[in-house]
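Contents: one structure, followed by commentary.
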Amino acid sequence: MQTHAAKRVEIIIEAPMEERLTRALAKAGVTGFTVLPVLGGSGRSGRWSREGQVSRAGGMVAVVCIVRPERVDTLLDAAFAVVERHVGVVSITDCQVLRAERF
Amino acid sequence: MDSLLSLAAANVLSPMVLSFALGFAAALARSDLTVPEAAAKALSLYLLFAIGFKGGVSVAESGVGADLVATLLAGVALSFAIPLIAFGILRTVSGLSVVDAAAVAAHYGSISVVTFVAATSALGSAGILYEGYMVAVAAAMEAPAILSALWLVSRGRKETHPNEDGLLREILLNGSIVLLVGSFAIGWITGPAGLEEISSFIVAPFKGVLCLFLLDMGLVAGRGFRNASNELRPPVILFGLAMPLIGGTLALGCAALLGLSAGGAALLVTLAASSSYIAVPAAMRVALPEANPSIYLTLSLGVTFPFNLTVGIPIYIAAGGLVA
Amino acid sequence: MDSLLSLAAANVLSPMVLSFALGFAAALARSDLTVPEAAAKALSLYLLFAIGFKGGVSVAESGVGADLVATLLAGVALSFAIPLIAFGILRTVSGLSVVDAAAVAAHYGSISVVTFVAATSALGSAGILYEGYMVAVAAAMEAPAILSALWLVSRGRKETHPNEDGLLREILLNGSIVLLVGSFAIGWITGPAGLEEISSFIVAPFKGVLCLFLLDMGLVAGRGFRNASNELRPPVILFGLAMPLIGGTLALGCAALLGLSAGGAALLVTLAASSSYIAVPAAMRVALPEANPSIYLTLSLGVTFPFNLTVGIPIYIAAGGLVA
Amino acid sequence: MDSLLSLAAANVLSPMVLSFALGFAAALARSDLTVPEAAAKALSLYLLFAIGFKGGVSVAESGVGADLVATLLAGVALSFAIPLIAFGILRTVSGLSVVDAAAVAAHYGSISVVTFVAATSALGSAGILYEGYMVAVAAAMEAPAILSALWLVSRGRKETHPNEDGLLREILLNGSIVLLVGSFAIGWITGPAGLEEISSFIVAPFKGVLCLFLLDMGLVAGRGFRNASNELRPPVILFGLAMPLIGGTLALGCAALLGLSAGGAALLVTLAASSSYIAVPAAMRVALPEANPSIYLTLSLGVTFPFNLTVGIPIYIAAGGLVA
Amino acid sequence: MQTHAAKRVEIIIEAPMEERLTRALAKAGVTGFTVLPVLGGSGRSGRWSREGQVSRAGGMVAVVCIVRPERVDTLLDAAFAVVERHVGVVSITDCQVLRAERF
Amino acid sequence: MQTHAAKRVEIIIEAPMEERLTRALAKAGVTGFTVLPVLGGSGRSGRWSREGQVSRAGGMVAVVCIVRPERVDTLLDAAFAVVERHVGVVSITDCQVLRAERF
C-alpha cells in the first residue's frame, strides 16, 4: 500500500494548557491533532497521578499531531511558545501515513 | 468554652469528619483505596448544585435587601485583601520566593466550597440558622484573590498581564462558580415549590454524599501530604495553621459591622479562613507556572483543609455566636 | 388556552428545564463546566432503569390487553413513516444531499428517551395519568426509523445493505433499548412489591437526578450549537422546529384512533415529536459515514431537543387533553 | 422445604437478582449495554461504605464480646483452610496445573463482598436478624486465602515469596478491606446518631443501588462467560458449583459451634461459599502471573457468583435456620 | 539487550467502528493490538471533544498494533478497508521490540 | 528548531504491575515517564476490554519513557526484569526531542 513520509509530534502538557496549545497550533495552520488522556507520570517536578488530584488542576494530556515533514518546524515553533514556561515534553518521530492528501 | 468543646467533639466525631480521617489515614498507609476521578467530580457537582439551590430557595423565602449586597461587597473585599496580608507574612517568615509566596497567598484569599459545605452541615446539626445568600458570597469570593496575587507578581516584572489569553474570563466562568451561581438562581426562581420537587435528591442524602466526598478529599490530601510533606518547611506549615485564624478574625470584624446572624457570621469567617484547592491551582498553572504546585497544593489541601474541617469549624461557629 | 399557558409556565420554570437552560447558557458562555462522561452515562442508566421499571410495575397493576399491542404497532408504524415525510420535506426545502437528508430524517423517526422522561415528569407534576406500557412503545420506536433511512439511501445505489455487518442486530440490542425493555420486564415481574423495595432509589430522587442530567444535556447541546450553528442554514433550523409538530400531529391522530388516555396521547405525541441523539447518530457513523454529523447532531440536540423541552411538551400535553 | 422453596422464589424474583439476570442475558446476546467503569467503582464504594457503616452501628448498639473475636478467628481459619481443600479437589479431578489450581483455590478461600451484601439484603427482606460484626468477619476473610495459595505453589519451587515486593501489605491494605473496616469503625464510633444523619443516603436507596450494581456484575459475568466458557472443562465447572456447598458446610459447622444466630450463621456460610473476583485476581496477576486469569475469573464470576446469588443464598439462609 | 525490528501502526478511528476494525484485523491474522482512549481532536471535520458528546456516538479510539515488518502490508490492507469511508488517521513507525517470538 | 536524538520506549503492562515497574525504573535512574490508560486489547492471552473487568484486576496501562539513547539499555534491563514473567509488550522508537537537558 502506498505510504508517505510524515512526522508524528507528541506533546505532553498540563491539562489547563491544552486549550492554549491547540489554539496556537490552529493559528500556525496545524488543524489535525488528537488528544489522549494521561493517568500520571514523573519528571523533574516529581511523581504525580490522577488519583492524587482534586479535579482538573494538575492533570496532563498528550497531544499527538501528524504533519508533513516540511510543516514540522512551524508546528514546533508554535508548540514551543506555549510549552516553554511550562512542564511538559515534546518528541518527534518519523512515520509513514496513508492518504497523504489529508495532512 | 464548654459549648465550644462539645461543638468540637460533635464535629470531630461526625461521620463526615471521620470519613475524611479514614481517607487521610488510608493514603498515609499507602492503601490503594481510590475514588474514581469521574465519581469525585460528580459528587462535587452534586454538592455545588444542592448547596446553591438551597441557598437560592432560602433567599426566595426570606426576600433580599441591602444586607445581601453589603455582604457580597465585604466578601469581595476580603478576597482581595487577604492575599496581600498572606503575602506579607510569607515573605517575612517563610523564605518562599516572590512567585511561590504570591501563589500561596492567592489560595488563602479564595475559598474552599467543601469547607463551606461542611460548615453549613455542622450549623445544621447544631440547629443554627444562617442567611441563604451566603452561597452567593462564597461564589463571589473565589476569584478576586487571583487578581491580587497576579498584581503582586507583576509589580516586579513586565510580562504577566492578568488578562493574558482570556485568563480573567476563564476564572470568572470556571465551572464551580457557574454551577453555584446558576443553581442559586434556579433555587431563587423556583422557590420552595421547586425545592419540594427535588428535596429527596438534594436535601435528604446530602450529608451521606458529603461523607463519600470527604473520604476522597482525605485520600487526596493524605497522598499530597505523603508525597510533598518534605517540601514544606516548618514556617510554611505554621502559616497554613495560622492564616485561617488571621483571615477569620478579619471576617469576624466584617460580620459584626454587617450585623450578620450567628450562622451567617460563622460562614463568612469560614470562607475567609478556608483556602482554595481547585480553581486557584488551575489558574496558577496557567498564569504562574514557575510557582511550585507541591507547595501551594499540599499546604492548602494537606494542612489548612484538615485544620479547618476538624478544629477550625467549631471555632468559627463559636466565634459567630459571639458577634451576633 | 389559559391552561396551556399555565402549563407552559410551570414547565419552563421547573428546576428541570432551568437546569437545562443553565447548562446551555454555560456552554454558550464557554464556561469549563462539564459533567464527566462516566457520570452522564451513569445518570442515563439510572433514568432508563427507573422509567422502565416504573412502566413495568404499572402494567403489572393494570393488566395488559389488545391496546398495548395496538399502540406498539402504531408506534412502530410512526417510526417507519416519519423519516419518509421528513426526507421529502428536507429534499424539497433544505438543499441537503440525499445522504444528509436521510440521516437527519432517521433522527426524527426515532425518539429521545430524555424528552419522554421529561414529559412523564411534567405529567406527574400536573397530576395526569398515562398508560404504563408507553415505555415499551418508546423502546419499540427507537430502531425502525434507521431502516427507513437506509432504505432511502439504498434506493439510489447498490452498496449499502441494511444488515451490513450485523448493524441490524446492533441497533436492536443497543444498550438503551435493552435496559429499557429489561427493566420494564423486571418491573412487570416484581410488580408493586418490587417497586416498594427500591422506590426510595428510583422514585423519590428521580426528578433531582433528571435535573443534573438535563444540566449535562444543556452543556452538550450548547457546545454543539456553538460549534456548528453556522453549518445549519435557516431552512434546516426551521425544519428542526416544524418537524416535531408534524410528527406530533400524526401521532395525535393515531392516539385518537387508539383511544389512549390524555396522558398516553401526550406521550405518544412526544415520542413522535422527539428526535434521537444517541442510538441513531451511532448507527449513522457506521452505516452512512458520509453524512455530516454536525448537521444531524446539532439539529437534533441543539434545536429540536430544547424546543421540545420548553415549548413542545406543554403543547403535547394540551393536545393529549383534546383527543382523550 | 416449603419455606426453602418460597425463600428461593422470593430471592430469584427479587429486583436485585433479576437485574443481574438482565445484565447476564444482555452480555450473552452481545448487547453494547455497559456501566462505565468509574460508575461501577463508585457503586461498589457506596455498597462497601454502607454495609460497613451499618455493621459498625449495630455493634455500637449491641455491644461486643468474646463472640466477635471467636467468629473472626473462625473466619480467618476458614479462609486459610478452604484453599487447601479446593486445591486437593482440583488436582484430583480437574487436570489443572499446580499454579492454576492454587490460583483458583485462593478465590474460593477468599470472599465476595457483593454476595455477602446480597445475602444481608435477602435476610432483611425475610426479616431475619444477624450479628452486625459479620461485616468485620467478611473483611478478615479476604486475605488469608491468598497466603494459603502462595504457600501451595511455593512448596514446589523456591522463587515465590509471599512477601515479594510488599505484596502482603498490598493485600491487607487493599481498598475494599480498608473501606469496609474503616466505615465499620466510623459506624461504631458514631453509633445510631451517626446513622440517623446519613441513613437516607446509606439505608433507603441501598437496594436500588444494589440493583444497578448487580446489573453491571451480570454484564461482566456474562461477558466473561461468553469469552472464556470454552476454557472451562466440565469438571472445572462442576467444581465451581460444588465448592460453595463444601465450603458452606464447613462454615455451618463452625457457626453451630460458635452459637451464631440464624442470620449470622447464614452469613458465615455465605462468606465461606462465596469466591473473590476483585482482590484475589489482582493479587494473582502480581504473584502468580503464569496462572490463567480466564480460568479463575470466569469460574468465580461466571459460575459461582450466579450460583450463589440465585440458588445458593436461599440454601444458606435455610441452613442457617437449622443450626441456630 | 537483544531487540528486533518491527512496525508500530497507530489507527485513530471512530469508536463505533472499533469492533469492525478489530474484527478485520483478526481476520487478517493480526491478533496483537492495544486500544487507547481518546479525549478529543481536530481534523478536516472540525474540532470535537468527549465533553461535547452524548454517549458513545462520536468518540474516537486509538488502536496500536505492533507487527513484524513483513506483516505490515496485510495489516494496512485490512485496516484500510474499514477506515476507507470513515474519518480517521493511520500512521506507521519503525520500532524495535523485545521478545520477537511474540509478534 | 534545535532537536536532539532520543529513544521513546513504550511498555504496555498490567495495571497491578505499574507500581512495580515505575519503582524499577526509578531505581535504574529513569525518572521521566508518562502513564496512559488503556481501554482494551488483544494478544496471546486473548481479547480483553475494560468493560469486561470488575475493578482493577485485569486492566493494563501504557508507560511511555523518553530517554537519551545511551540510557536505553539500562532502562530495558530494568523494565525487562519486571515484565519478564508477565504479559505485556515493549517497543522502542527513535525520536527527536526539544530541550535535551531535560532527559
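Here the chain labels run A, B, C, D, E and F in written order, and each chain numbers its own residues starting at 1.
FYI, contacts are C-beta pairs under 8 Å (C-beta built on N, C-alpha and C of every residue); 3 or more make two chains touch, one makes a residue touch a chain.
If you want to know which protein each chain is, UniProt gives these names: A, E, F = Nitrogen regulatory protein P-II; B, C, D = Sodium-dependent bicarbonate transport family permease.
Owing to the predicted nature of the structure, the values given are computational and were not obtained by experimental measurement.
Participant: Could you tell me the least number of steps, going only between chains that touch, from chain D to chain E?
Facilitator: The least step count works out to 2.
Participant: Among the chains, which has its CA centre at the largest distance from chain F's?
Facilitator: Most remote chain from chain F, centroid-wise, comes out as C.
Participant: Looking at C-alpha means, what's the farthest chain from chain D?
Facilitator: Checked the centroid distances; the maximum from chain D is A.
Participant: Rounded to the nearest 5 degrees, how far is chain B rotated relative to chain C when their C-alpha atoms are superposed?
Facilitator: Value: 120 degrees, nearest 5.
Participant: Taking the mean of the CA coordinates per chain, how far is chain C from chain D in Å?
Facilitator: 40
Participant: Take the average of all CA coordinates in chain C, do the same for chain E, and state the distance between these two points in whole angstrom.
Facilitator: Roughly 34 Å separates the two chain centres.
Participant: Take the average of all CA coordinates in chain E, do the same for chain F, and state the distance between these two points in whole angstrom.
Facilitator: 18
Participant: By residue number and range, which residues of chain B touch two or more other chains?
Facilitator: In chain B, 32, 34, 36-39, 41-42, 200, 204-205 touch at least two other chains.
Participant: For chain F, which residues are shared contacts with two or more other chains?
Facilitator: In chain F, the residues touching two or more other chains are 36-37, 47, 56, 93-94.
Participant: Report the complete set of touching chain pairs.
Facilitator: Taking the chains two at a time, the touching pairs are A-B, A-E, A-F, B-C, B-D, C-D, C-E, D-F, E-F.
Participant: Given the complex with chain B, which residues does chain D contribute to the contact?
Facilitator: Residue list for chain D touching chain B: 36-39, 41-42, 45-46, 49, 53, 169-170, 173-176, 178-179, 182-183, 185-186, 189-190, 194, 197-202, 204-205.
Participant: Taking the touch rule as given, give the residues of chain F at its contact with chain E in the complex, in rising order.
Facilitator: Checking each residue of chain F against chain E gives 10, 12, 36-44, 47, 49, 60, 62, 73, 76-77, 80, 83, 89-94.
Participant: Using the touch definition up top, name the residues of chain A that touch chain E in the complex.
Facilitator: Touching chain E from chain A are residues 1, 3, 6, 8, 22, 26, 31-37, 61, 66, 93-99, 102.
Participant: For the complex, give me every residue of chain D touching chain C.
Facilitator: My answer: residues 13-15, 18-19, 22, 25-26, 29-39, 42, 125, 200, 204-209, 211-212, 215.
Participant: Give the list of chain E residues in touch with chain C in this complex.
Facilitator: For chain E paired with chain C, touching residues are 14, 16-17, 20, 45-47, 50-58, 85-87.
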